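Encoded as C-alpha cells, the structure appears first; notes follow it.
Order as written gives the chain letters A, B, C, D and E; numbering starts at 1 within each chain.
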Amino acid sequence: MSIPPGAEQTAVAEGEDIALEGPAPREGKSPTQIALERLRKDKIAIVCLVVITLFVLMAIFQTQITNIVGVNAQPDPLLIDPTTTLPPFTSNSDHPLGVEPQTGRDLFYMWVHGARPSLLVGIFAATMTLLIGITMGLLAGFLGGWVDRVISWWVDFLLSLPFLIMAFAIVPIAMARFGSPDASGFIEDDKRALIGMASLISILVIFGWPSLCRLIRGEVLSLREREFVQASRALGAPSRRVLFKEMLPNLLGPIIVNYTVMIPAFISIEAGLSFLGIGLQPPTISWGQTIASAQSSFETYPIYMWVPTISIALLVLALSLFGDAVSDAFNPQTRR
Amino acid sequence: MTETNTTETAGVPADEGHLGQRGERILTVKDLTVQFPTADGLVNAVNGLSYSLDMGKTLAIVGESGSGKSVSSMAVMGLHDPQRTRISGSIELDGTELVGASPSLLRRMRSSTASMIFQDPQSSFHPFKKIGPQIAEAYLAHHKVSKQVAMNRSVEMLDRVGIPNPGRRAKQYPHEFSGGMRQRAMIALGLVNDPKLLIADEPTTALDVTVQAQILDLLGDLQKEFGSAIVLITHDLAVVAEVADDVMVMYGGRAVEHGTAHEVLANPRHPYTWGLLGSVPKLSSQGGNLRTIRGLPPSLINLPTGCSFHPRCDFRDRVGEACVTTLPELAVREGDTTRTSRCHLQNPAEIFETEVAATLE
Amino acid sequence: MSDNVNEEQMTERGTGATAMGAMSTTDEPIVHPRRDQSRKPMLEVTDLVKHFPIKEYTGVLPTKLNLRAVDGVSFDVAPGETLGLVGESGCGKTTTGRLVTRLLEPTSGSIRFEGKEIAHAKESELRPMRRDIQLIFQDPYQSLNPRQTVNTIVGTPLEIHNLVPKNKRKARVQELLELVGLNPEHVNRYPNEFSGGQRQRIGIARALAVEPRLIVADEPVSALDVSIQAQVMNLLEKLRKELNLAFIFVAHDLGVVRHFCDRVAVMYLGKIMEIGDREDIYEAPEHPYTQALLSAAPDLNVVRGATPPERIRLEGDVPSPIDPPSGCRFRTRCWKAQDICAEQEPVLESKPSSKPEHLIACHFAEKRSDLVVSTEDIPA
Amino acid sequence: MLIYLSRRVLLGVSVVLAAIVATFILFFVGPSDPTTALCGRQCTPERAAQIEKNLGLDKPKTEQFTRYVKGLVVGTKESDGGGARDCEAPCLGWSYVQNRSVTDIVKEAFPVTVSVVAGGMVVYSILGISLGVLCARKRGKWVDKLIVGSSQFISAIPYYILAVIFFLYGMKYTGLVPEATWTPLTESPWAWFIGLLGVWLFYGAITSTGYIRYIRASMIDTQAQDYVRTARSKGISEFDVTFKHALRAAIAPFVTLLGLGVAAELTGAIFTERVFGLPGMGTRTILAYTQGDLPVIAGIVIVSSVLLVVANIIVDLLYGVVDPRVKLS
Amino acid sequence: ACSGGSEGGSSSSTTADPNAANNQDFTKVPASAGFEPDAKGPVTVQGAKSGGTLTWNVNAIPENTDPSTQYYQDVAGIHKLTTRTLTSYAMRGNKSVLVPDLATNLGEMSDDKLSWKFTLKKGIKYEDGTPIKASDIAYSVKRSFAQEEMPGGPTFQNEYFKDGDKYKGPWKSGENYAGVTADDAAGTITFNLSKPMQTLPYFAAFTMFSPVPKAKDTKTNYQLKWVATGPYKIESYSKGSKLTLVKNTNWDAKSDPSRTQYPDRIVFNFNRDNATTAKAIMADNGSDQTTASYDGVDASILQQVLGPKKNQVATGPSNCVTYVTMDTTTVPLEVRKAIATAWPYDQIRIAGGLTTFDYAPAKSYGAPQVPGFSFQETPGLTGTGKGDPAKAKQMLQQAGKSNFELSYYYASDDDTAKKVEAVRKPLLEAAGFKVKSIPVAQSELRKKRIETSHNVNLYQGTNGWCYDWPGGDSIYPPLFASSLPVNGGVGNIKNKALDKEMSDISQLPLEQQGPKWSAIDKRLRDTVLPALPYNYSKGSAIFGSKVNNVQIDPNQGFPDLALVWVG
C-alpha cells in the first residue's frame, strides 16, 4: 500500500486546507539557526557573551597577555613597605593592578593567570556533572525498577553527606593517594597542581551529580507519560532513540539552566574552598585563592581583593544570564 | 439500584421564579471593548459588544475558540487585571456600572450579584484546599457570619446540588471528587451567595454526556427555583438548542447574530453560523463529509477589515467590496422582528433556505 | 475487495514511493465492508484483560489491589472497517487502545493481528507490527514533541523503519504533509507554531508515515473546536476511503462516532455492554446503559421542532474499577436491575430481538424506540 | 502513611549506615596519624606507640570499625581494652586534640548550627516569599527589575566576602545590627535571639536571592491558574487571593527546594559560622581539620548525614501536608 | 615550652608604655629579672577603676584548660585570673619576676638537692569559701601524671620527680606517690626528686601546682569547670567558643602579690577571626572599646597602630625564639654557612607579614631576657638583611656543592606560608641552591617536621622554642641534647660531650648558670650552626580605647591578664 500522490491535489482542491493560509513559510532555516538568530537579537545575551569570551580569551592567552604587558610571576618583597606590609602604591606603569601585599607579586599577572584555573574547574566540573547526572537521571527515570532503586539510593546517599566537610577529608587523601609522592612526600609542581585540580573537580562532580540526577529523573518520569513519547514507542522506536531523541531535547531547558548555573556555582565554590584553605593546590594561582588571601586587606589595599572578586561576579553573572538567554532561545515555546 | 427514568424537558424553565423580578433587566452590556496590550501588539479580544439579559432567562453565547466569549464574560465579573487590560464601553449589572468601578465595588458584586462557573472544574478548585472551606470562603466574603455558619451553608449548598453525603464531602479535597461532582461543587460555589446572574463558561465541556445531562438538568432546576439569569457559554450547539432562550453568536470579538435559540439555530442568518451548524456531526446523520469553515480564525491583533469573517466567507462574492471595506451593523434585518445579525447579504434567509439548509440535514 | 487489497498490500509493502503511483489510479468507489459471515477479521481481540496493580495503604500493611481497567473485552476489526468505542470517562477505552497498540502488555487475553498473536510479544517481535497498527492521540499538542520540528516528527517513523532513503526523507515528509492538507513548506516549524487542527494533522501524518493498516484513534477530535473538528473528521474520512484504513475510533461524542464508525462498541467499567453495527446501536439499542447514553446526548434538531427525546437520568457515579459490582456492572445505576443482575454476569450475546451480529450483555435487553429524536415531524 | 514513613526511615537508616562506613574508610583507613596530635609537644616514639595502643589504632581496621560502630550503639568503656576513655553511646569517638568525647563536642556545636540554619531559613523564607510575590505581582515594573537584578548580582559575589563586609560594616563599624554572639537558647532566649539576629538577617538575605526568583516564577505561574481566577470571582480581597490562593500553591515547589537547600545550607553554614565566629559544627570542622582531629570531622559528618536524612524525611512529609494530592506511598 | 616556628603571624604581648618595646633590640635591654621572694600583696594599679566588662576576642582556642595539664601561654594567661599556683610571675615595670603566690616563699631546696618544700599561706579559700589544703595541690600534681587519660601537659615531672617515669597518676597508680607529699596540718607540700632541679620554683608556677579539690574532680571534664582560687571564677564556659569569668569574692587581694581584680566580668570569645577582630577594635565602637585581643597585630590595621591608634597596642618580648633549622647530618657545614649568607631575612619576613610587632631579629638561640644571659654576636648571623646570593653561590662552588638540594615542608593550606614560599624558593634558587619544597596540610606539618627519617634537610625538628621558665635548662637541653630528641631538636645534633656539659650546667646554682649557657649558645653558632637564629618573637595585644594597663609578660610573651582594667 502506498499513499497516492493524487490525494494531495484532492486535499487542496477541496478547499479545506487551513495551513496554506497560515503565516508566511520560513523555509530553509534550521532550528539552530533560528535560535542563534534570536540570541543575536538579545542585547543582554550579547553583552554576556562578550564578557565570557573576554575571560575565556584571557585564560587561553594568559602567557601572551602578560608578556605583552610585561609583567611576570617573580615576587619582589622589596617593593613592599615593611612597616605596613603593603605596597606603597596602588598602580604604576610596571604594575598596572599593583602588587600583592607581602610578596610583591604582580597582581595583573595573578589576575590573568588566575582565570584559567577558575574557568577550568567551573567548566570541567560542570560538564562532568552534567554528563553523569544526565546519564544517571535518564537511566533511573527511564528504566525504573532496580536500576532506579540503585541510582536513587546513591543519590540519597551522596546528598546526605555534607559536601564541604567531605571536601576537608577528601582533598588531602587524594593528594596522598594519587600524588605518588616520594618518601618525603614530594610531588612535582605540575603534577601536584593537576592532582589538586582533579581532586577538586572530582569532589564537585561526586557531590554535584546527584541533585541533577534527581531533577532529570523527575522530568523523565513525567515525560515518560507524555503522549509524544508513547507515540514514538508506538512507532517502534527503540529505547535508546526514545531516550536521546525524544526525551533529551525536552530536558534541554533544565540542562542548559543547570549547566550555566553550575559553572558559576563551581567557580564560587572554588573561591570558597580557598577561603577555608582547601582550594586548589599551590603553585596554582586562582582567583579564589587571591580573594581568600586578600579579604583581610580589602580596606587597606582594596584593588587586591576587588579585581578578582568583581571578575568572578561578572563572570558568574554573565554565565547565568547567558544561560537564561540560551535556554530561552532554544525553547520553541517562547518563540514569537 | 434506583429507578430513575425521570423524563422531563430540559429546556426553558417554567415561569415561576421567586427570587428577583422575572423579566427585570439584570445585565446590560453596551459597546464593550476589551483589549490586551501585549508584546506583539494590541489584542482586540472584544470589539463593541452589546447585549442584555433579563432575570429568569438563559442566554447562550456560542462561537469559535478565541472569539471573545470568555473575555467578555470575565469583563462582567471584573476579573481582568486592570493593569494589563483596556476596557471601554459599559457594563451595567443590576443597575450598577461596572466599567471603571472601584476594585472594592467589583469585589462586592462578585459572587453576590453575579457569579461564574468555569469550564474545567478540576483546575478551577484550589487543589490544596478542601471543597467545603473553598465554598464557605465565598459566603464569608459577603456575609458577616462565623466560619461555622459559612461551613454549614456550604454543606447545605453541596446538598442542594445533589452531592450525596455533603457533610463528609465538604471535608474532602477536589481530587477526591469525580469530574461530575466537582462541577456540581463548582455550581454550589457559584450559587452560594444567591447571585442574580450566573455565568457558566463551558460548564460541561470536560464532562461526558451522562454527567453533562445531569449538570444541565441541575442548572435548569436551580434557575427555576431562583429565577436567576444565566449566561451559558458553550461550543455545543445541541446543548444550546436544549437549554437556551436566546443565543448570541460571536466571531472575532463581535456578536454576529443574536436572537432566540429557535431563530438562530433553525434559521440562521449569518454565514458563520451556517458554517458552525454545518460542522456539527449530528446524532441522526451518518457518513459523508461534514461542512467546514475554511481558513483560520482571524488574528485579533490585525482584525480583517470590514466584516471580520470575510476571508473565510463562501458568500462574499455575492456582496462584493463592502465585505472587505465596511463593517456591517448588527441590526434587525428585513423580514425579522427582534433578532439581529451582522452581514451584508441582502437575502440571507433565502440563501439559507435554498442553499444551506439542505446540507445541514 | 478487502481480501485482494490485503494481498496486494502485503506484497507492495515497503516499496515506498514507487508503489504510490499504482494506487493513485484506483478510482473505484470504496465499499465499506460490513459485517457479514464471510468477513475475515484483521484484528481479533479475545477476553482482553488489563489490571493495574495498585497499592493502597489503609491500615498498616499495604493491600495490593487490582484496578480492572479492562476486564475481558472481545471484538474484532476487519480490514477497512471502523470500530467505535464509546463509554463514560474511565471505562477503559484508552487502555483498550493502548493494549491493541501494545503500548501496554495485557494481563491476559489474546490479541491476534492477521493471525499472529501479539498479546505478549517482545518489543523486537512487535517491530513489524508497529508498522501496521498506529495510534493517534486525543491531545494534538501533548502528542507532538515540542522540541522537534515537523520534519523530525514525521520523519522519525521513516527513519526507524528505514522506509525511505535518507536523501529522500524530506521529500517524503512533505508529501505526507500535503496528504493531510498541510503546507509542505512548514517542515521546519515547531508544533507550537500550528493551530490545534493543524497539529492533529501532523499527528495523523506521522501515523500515516509507516503506511499502517489499522489506526487506533484515541479521541482524536475531542480537544478541537467544532469547526476544526469537522476538518479533521473529513480528513480521516478521506484517508479511510483512499487508503482503505481500518480504525478503532475512541470517542465520547456520540455524534462523531455515528458519523464515522461502521460498528460501535459501548463500554462500561472495563467491559463491553453492547456491540453492533452503527444502525443497531443508534437506532435499536437494547442495553439500558446504551439507551441512557444515547438519551443523554442533546440533539440540535430539538430546535427545529423535533420532539425532544425522553431523557434517562442516571443517578450517581460510575463505581470504582478497583471493586466493581458483582454480576452486571451496570446494575447499581440501572433501573431494570433485579436480583439476578447481582448474581449472574450477563454474557455478551445476540438476543432474539436483535440482529445476529448485534451483541448485548444484559439480562433484560429490550429495544426502546422512544430514545432517538424522530426526525419525521420536523417541518421542512 | 505509616508504612511510607517506616520505609523512608529504613532507607534513611541504610543511607546513614553507608555514610558511617564511608566516613570510617575515608578518615580512619586513609593516611592519617592521630598520634602526633595526641602526643603533645614533647612527643617520644614510645609515648606515640602507647597512645596508638590506647586508641586501638594498632588493631586491624575491621576490628577498629567494629569498635567504632559498637561505640555508636552501646558506647565504649576503658575496660573494653581498645577504648581509651569512657564514652557513652552514641559514642562518635574521642577527640585526639581536645581529649573529650566527640559526642560532647558535637552536642555543643549542634545547636549553634541548627539555630543558624533554622533562623536563617525563617528569614529567607519570609524574604524570598514576600519579595518573590512582590516581583511576581509587579512583574516587568521597575521594582521587579530592581529586585531580580540586584539579587542576581548579589548572588554572583562570593558569599564570604559579603559576610566579612557585613560583619564589619553592619555590626562592627556602625552597630546597625547587634553583634553575633552565641548564647544557648536554654540559657537566655533573648540573648540567643539578639546574638543571632544579625547572622540570620544577613544569611537569610543572601540566601533568599536564590529563592526570590523561584518564588517569582512559580507565582507568575500560579497567578495564571484557573483556581486563582475562581478565588477572585468569589469577591474576596486581593490580599487573600494572592496569599491564600496563589501563594498557597506556589509554596509547594518551594518546600522541595528547601529540602534540597537544607543540605547545602547545613554545610554552607561553615562560612557563616567562620566569619561571625559562631562555635557551630562548621567552625569545629575547620578547626578539627587544621588540627588533624579526624574523629571530630568524622563525627560531624555522621551527625550531618543523620540531620540531612531527617530533614529530607520531614520535607517529604511536609510536602504531603502542603499538597494533599501527594499520597505518600 | 611550645615549639613554634610559624613563618609569620605572631603569638602574643607588655608594658604600660607601648613604644618602649617597638623596634627594641632585646639583646641590649634584657627585660627580665629573677626572683622576688618577699613580694607581698595587694597589687594596685595607679588610676585603675573597678567594674565594667572586659572582652578578649581571640582566634586561638584553648585546647585543654585542665590546670593539671596546662602547657600553653594562652591557657596559662587565663588561668592566671582564676588559678593561684605555688609561685607566679609578677610584672615589675617591663620585667617579670617570680614571686611566691600560694606559698609563703619560693621554696626550700633540701641539702641533697633532691627535695623541695613549700609552705602555704594561711586562710586562702576556694571560690566556694572552703579553705585550700596542701594535699589538694599534691593531688593536682599527681593528676598531671595521668597522661594517658589527660595527655598534652608538661612532662618535666616525669623526668625529675621520684619514680616519675613509673607513676601513672591517681586513677591508674593510686594516690600514694612518693614524689609528692603534703602535710595539711602544717600546710606544707614536698616534692621528692630523682635528680636535682634548680629551676623548680619556676616550674611551680605551672598551673599543675594549684589546688584541685578531689571532691570536685570530674576527671576529663574538670577542664570545663575548674574551681577558682584567683580573683575570678567561671560563670560559664562553652568550650571552644566562650568563657565568662566573674569576680571571685573569696579571693583575698592582700595575699596575692601578682593579681588585681578590676573588671566585674571578663569574657573570652575564642575562635574569632584575627583580621575582623582587629578592625573592629580599631573602629572602637560600643563594646569594642572594652575589647582586646592578644592575637598580635593583624597586617590590615598596621597603618592605624603605627599612626593614630598607637595607644591601642602593646608589644613586648616573649619567651620564644624562632630558627631556620638545618640538618647537620646531611647538610655540610660549608653549605650551612652558605645558607646563612644567602638567607633573605628581610624578604621572607615581609612575605610572612612580620612586622616589628611580631619580632626582633634574632642573633642567638636563647632568648636574651633570660637572667644572666650575656650576649655576644656571631659575625654573619645578624638576623637581618637581604642575603647575598652571589657570595653564597661562590661559597657553594668553593665547597663543590653547587646546586645543593635544600628540601623542606611548608603548609599549603596556610596563606602566609604560601606567600613565604612564593618568595623564598626563587631567592634560594637565585643563590645557587636546588630547592625541593613540599607543601603539606597544616595538620600534617608538625608531624612531618618531627619525623626522624630525615627526608628533608631544612626546617626539620624544632623551628622555634619558647622556654618554660627563664632558665637555660629550659632552652638548650631540649634543643640540642642528643638524648632528648624532643620534637626532633635542632639540627639533629648528636654530641655526647655537649650533652654532658649541658647536664652539668643544669646542676649548678641558678646564678652561676647564665654565663655558661651564653657560652654554649655562642659556641654552637660559631662552630656548629645547626640553625639560623631568625626571630626573637614578640607578644602583642591590641585593645579598645577603654582598656588599660595591658602589659606583655616577657616570660610568657602574653599580656598579664590579671592587671588589665577597663573604663
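Here, a residue touches a chain if its C-beta (ideal position, glycine included) is under 8 Å from a C-beta of that chain, and two chains touch if they have at least 3 such contacts.
These numbers come from a predicted model, not from an experiment.
Judged by contacting C-beta pairs, the busier of the interfaces B-D and D-E is D-E.
Of all chains, the one whose mean C-alpha position sits at the greatest distance from that of chain C is E. Relative to the whole-protein C-alpha centroid, the nearest chain centroid is that of D.
Farthest from chain A in terms of Cα centroid separation is B. Remark: chain D and chain E have CA centroids separated by 38 Å (rounded to whole angstrom).
One simple way to say how far apart two chains are is to compare their mean CA positions; for chain B and chain C this gives 32 Å.
Per-chain CA centroids place chain A at a distance of 49 Å from chain C. Counting partner chains per residue, chain D has residues 164, 168, 274, 289-290 touching two or more of them.
Residue positions of chain E with contacts to 2 or more other chains are 279, 413, 441-442, 444.
Chain contacts: chain C has residues 195, 231, 234 touching two or more partner chains.
On the side of chain E, the complex with chain D involves touching residues 1-3, 57, 61, 63-64, 71, 147-155, 220-221, 223, 236, 238-242, 269-273, 276, 279-280, 283, 285-288, 413, 441-444, 446-447, 450, 452, 485-487. Listing the residues of chain D that touch chain A in their complex gives 11-12, 14-16, 18-19, 22-23, 26-27, 30-31, 152-153, 155-161, 164-165, 168, 260, 263-264, 266-268, 270-271, 274, 282, 285-286, 289-290, 297, 300-301, 304-305, 308-309, 312. Across the complex, chain A meets chain E through its residues 74-75, 77-78, 80, 82-86, 100-105, 172, 181-187, 192, 277-278, 281-283, 292-293, 295-297, 299-300. Interface residues of chain A, counted against chain C in their complex, comprise 1-8, 10-12, 14, 16-20, 22-23, 25-31, 226-228, 230-238, 241, 245-246, 249-250, 252, 332-333, 335. By the touch criterion stated above, chain D contacts chain B in their complex at residues 225-227, 229-238, 240, 245, 248-249, 252, 322-325.
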